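Same chain, two partners: chain A is paired with chain B first, then with chain C.
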Partner chain A sequence: MYAYDEIDRTLVNERVSEFRDQVKRRLSGELTEDEFKILRLQNGVYLQLHAYMFRVAIPYGTLATDQLRALAHVARKYDRGYGHFTTRQNIQFNWIKLAELPDALEDLAKVGIHAMQTSGNNMRNVTSDQWAGVAPGEIEDPRIWSELIRQHTTLHPEFSFLPRKFKIAITASDHDRAAIKIHDIGLKLIKNEKGETGFEVLVGGGLGRTPFIGKTIKHFVHGRDILSYIEAILRVYNQYGRRDNIYKARIKILVHELGIEKFSREVEEEWQHIRNASLQIDDEVIEDIRSRFTYPAYEKLPHMPDELRQAAADADFEAWRKNSVAPHKVQGYSIVTISLKPIGKPPGDATAEQMDALADLADKYSFGEIRVGHEQNLALPHVAKRDLPALWKALDKLGLATPNVNLITDIIACPGLDYCSLANARSIPIAQELTRRFANHELANLIGRLHINISGCINACGHHHVGHIGILGVEKNGEEVYQITIGGRADEGAALGNLIGPGVKFDEVADVIEDVVEAYLALRERPEELFIDTVKRLGVEPFKERVYATR
Partner chain B sequence: MPLVNGGKIADDRFVKLAVDTPLPESGDILVPAERFIAEADALLKRAGRVGVIWPNNRDIDELVPYLGKIAAVALVFPTFRDGRAYSQARLLRERYNYRGELRATGQILRDQFVFMLRAGFDSFEVKKQADAEAFMQTAKRYSVFYQPTGDGRITALHRRMQLRHSEGVGT
Partner chain C sequence: MTSPLEQKKIKIAGPSVVTANRTWDGIVVYRTAAKSWSADLSEAAIVRNSDEAKALLAESVADDVGAIGPYIAPVQVGADGKIEPGNLREQIRRTGVTIGQSAQA
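After this line comes the complex of A and B, so read on.
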């Protein structure tokens, strides 16, 4: 856990008081809605279909239990008793009243939580691997660097009014759980031949209307130079990124239009001016940040405790353990993923009661720490294996033990037309119907790893381009029509999916997805061949033939 | 539109000239970039100070040869969501060591003051009277800054280093 010091706390409080002034000026009419819009967006407040929506940052997906309880408190006191975890390590509240927002922010500030830059054309919440610091084989904890960058990007005096939003993600594992290749800047922590920490820097990834996979701009930037290198990228983007057309304003378009070689030359030239100056980070600074991360005092525990051996007789426990429990870097411990995808419910939602109860469980079983992943699930990062049976029982009571992590019902979906003013089509009901179709865990297990991503419009908040199966809702002649792609992925092998055929109506989506899955089961070479691998081997055609033959 | 200069509402000594306004005999003038570049010699010879209004899509490098001779640079925020001039300001102050007046013009609200001060602006054509009057109070709104810029405010990282060292001495 990172503990805010007095300096961080002061800044958060100063931001709350600034926002209070902005809300006051809006309510008194001193600010027009047009002026206020930009200011509220800088602080995570959108105007949605029914109400204001409030997006709170969970930097690099790490939460302490008092912070989770504060989120539960906001859900209960200012909203309708639940929150929605997003694909970028944020939580959204959908029914906030503008006049109460400053109070909600003040309540969150007490536990070091804020909503700075969770929307607007600025540098957004820095995201990272939800298994950071506990994943076996990780090079080092990427949250130290995430925190450094979080601070540097917070209220940046030069880059708070960019052409468009700007997202940074960091990973330090070979398996990329942070989706760095679909970010404006993706950072992969690596070591050079001298054993020094640095980053492979990717730039220009992003989804939306014109999706791009990020390209490597520099193979190694030393850790001491990472802030100046990011600054150089941002300075080039701030000056030359397009501002004439909102759909062409992301850095991916600038990189595409200039070409990565020319873009990287521009960045290099800017970087040479600033790299040996005040942004250079010395080891002491990194040490200081590291010193404010606390790590659990792990016990020496057996690899296979008796409790686990005994619980193995319970088939339901075993189903959950095999699905939701992952290896930890320390023997005797596990990482437990908590599915927020119960059958028939909106993906990513958690009630205030669930949040409170989960905070208690994290105190009891996970050294007071909770993580949030971009798949809209939570995790307890340090669970002793001997505690797994007891934890499972408690989670099951809360409806938080659905054993579907990474399976077909672990769907990523945006809020869609049920909430969002940008959406053209519903997302949540599609997800709900699909979870019902594949509710049988044996069937889901038989299908194996399969990610479905649903977006209710071209802005792609549900990351449909990179779903193994992607579903995009659009509007055609006043009707919701869904385009279906296959073969996308968001990990280290990131790729964009390909359309399998003409769009289908709302009522037909689940049938078509069932047909796609049936085609896969018939086409796969052996049970271990994952959906995504079958699509890679065979391409779209055989799927298209089977799915559309009878339509 | 009130001007804030040196932290207070002040009279604007500069007269803004259009591209084709006849040149006054004396007095301080602010001239559009294209006219300034075209007539620089003549403009700089006359009595009275010269400043230039520099658009946010024109390379600031072009202005660099004149920086020692001009009294003001006015950068432009066509809307407050267009932040290009923040980069121009920092380049002028931090890379080219420009020390004259650096004025923010366009849609300027109190909510940008701190960012602008940090980027090196010291003069502001503020859109609303109430915002101009709130300048001093708003400028002091923040006491913590994460980024080093040319304004010399101490950053959070450096404060922490100082704290570490002073604690180190004590123990």
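After this line comes the complex of A and C, so read on.
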């Protein structure tokens, strides 16, 4: 966990007071909506279909149990008893009242949570690997660098009015769980030949209306120079990024139009002016941040405790363990992913009761720490293997032990037309139906790893372009129509999916996905060949044929 | 459903209302003939041509403290005078999410 200092606490508290005054002036009519809109957006407050939506940041996906309890409290006191975890390590509350927002913010500020820069044309929440600090083989904990960038970019006056929103993600593992290649800036922690810590820097990734996979702009930037290098990128973007057309305003369009070579020359030139100045980071600064991250006092535990050996006889436990439990860097411990994808329920939602109970379990079994991943699941990062059977039983009672992590029912979906004012079509009911179709665990297990991503409009909050199967809802002649893509992926091999054919109607989507899956099962060379690999080997055609032959 | 954020021209094809979200709590409201806002669609003022729609929208926009983001939305008016939303988006705004969310009020 990261311990905030007095500066952080003062900043967050002052922000609450400032926003309280702004809300008061808005409600009295002193501020018009036009004047207020930018202020509320800078505090994570959107207007959606039914009400205001309040987005709260969970920097680099790390939560302490008192923070999770505070989120539960907000859900219970100010909202309708639940929250929705997003694809960027945020949580959203869908029914909040503007008049009560300052109180909700004040309650969150008490535990160091805020909503600054969770919307608006500024630097958004810096995201990272939800397994940061505990994943085996990691270069080092990427959250130290995430925190450095968070501090530097929070309320940075030069970057508070960018052409468009700006997102950074960081990973320190070979297997990318932070989706860095679909971010405006993606950072991969690496070591150079001297053993020094630095970053491979990618730029210009993003989805939405015009999707691009990020390109490497520099193969190695020393850690001490990372702030100046990011600043150089942002300055070039701030100067040349388009402000005349919202659809062309993201950095990905600038990188695409200039070309990565010209863009990188511009960045290099800017960087040379600033790299040896005040943004060069002293080792002490990094060490100070590092010292504020506390790590558990792990026990020396056996690799295979008796409790785990005995529980292995329980088929239900084993089904859950195989999909939800991952290796930890410390022997005797595991990382446990908590599925927020129960069959028939909205992906990513958690009730206040679940959040409170999970906080209790995290205190008991995970040194008081919870993580949030971009797949809209949670994780307990430090669970002793001997505790896995007891934890599983407790999670099961809470409806949080669905054994579907990374399987076909572990669906990523945006809120869609049920909540979102931008959406053209519903996402959640499609996800619900698909989870019912593939509810049989043996079938889901037979299919193996398969990620479905659903977006209710071209803005792609459900990351449909990078789903193994992507589903995009659009509107055609007043009806919801869904375009299906296959072959996308969001990891280190990030790729955009390809359309399989004409769009299909709302009530045909699940049938089409069943056809695609049946085709895969018939086409795969062996059970271990994943869906994504079969698509890579064969292309779209055989799937297209299977889906459209009878339609 | 086309987002009203993309509503560029005021062109109505049938009976319509002006809808928005109430400023202090964000709930869905409709402009009434009494120049006020109501959460009840049956109390909405109905407009049937572009000029009426423009006038109702202008009056609604002017009430910036009462509600935000007003726009024109289609409705269907039954033979008995009952007003129903004219598309799925407005149906969802009126009756709530379609996902069986138990927390729905």
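Annotations
Basically, the second predicted complex is superposed on the first by the 551 of 551 C-alpha atoms of A that agree within 3 Å, B and C clash if a C-alpha of one lies under 4 Å from a C-alpha of the other, contacts with A are read in each partner's own complex, and residues count from 1 in each chain.
The working rule: a contact is a pair of C-beta atoms (placed from the backbone, for glycine too) under 8 Å apart; a residue touches a chain by one contact, two chains touch by 3 or more.
This is a predicted model, so every value here is computed, not measured.
When the two structures are aligned on the shared chain, A:39 is found in touch with chain B, with no touch to chain C. After overlaying the two complexes on the shared chain, residue contacts for A:428 are found with chain C alone; chain B is out of touch. Looking at the shared chain after the overlay, A:47 reaches chain C, while chain B stays out of its contact range. In the superposition on chain A, contact of A:27 is made with chain C only, not with chain B.
When the two complexes are overlaid on their common chain A, residue A:160 makes contact with chain B while staying clear of chain C.
Using the contact criterion defined above for the overlaid structures, shared-chain residue A:238 touches chain B, although it does not reach chain C.
Touch criterion met: A:121 reaches chain B, while chain C stays clear of it. Looking at the complex, you find that chain B touches chain A at residues 80-84, 86-88, 90, 95, 109, 111, 114-116, 118-119, 128, 130, 141-149, 156-157, 159-161, 164.
Considering their complex, residues 1-5, 21, 23-28, 64-65, 68-69, 87-89, 92-93, 96-101, 103-105 of chain C touch chain A. Interface residues of chain A, counted against chain C in their complex, comprise 26-29, 32-33, 47, 49-52, 80-82, 95-99, 346, 349, 351, 417-419, 421-426, 428-429, 432, 457, 475, 478, 480.
Listing the residues of chain A that touch chain B in their complex gives 5, 7-8, 10-11, 14, 17-18, 22, 30, 35, 38-39, 121, 151-152, 154-162, 235, 238-239, 243, 273, 278-279, 284-285, 288.
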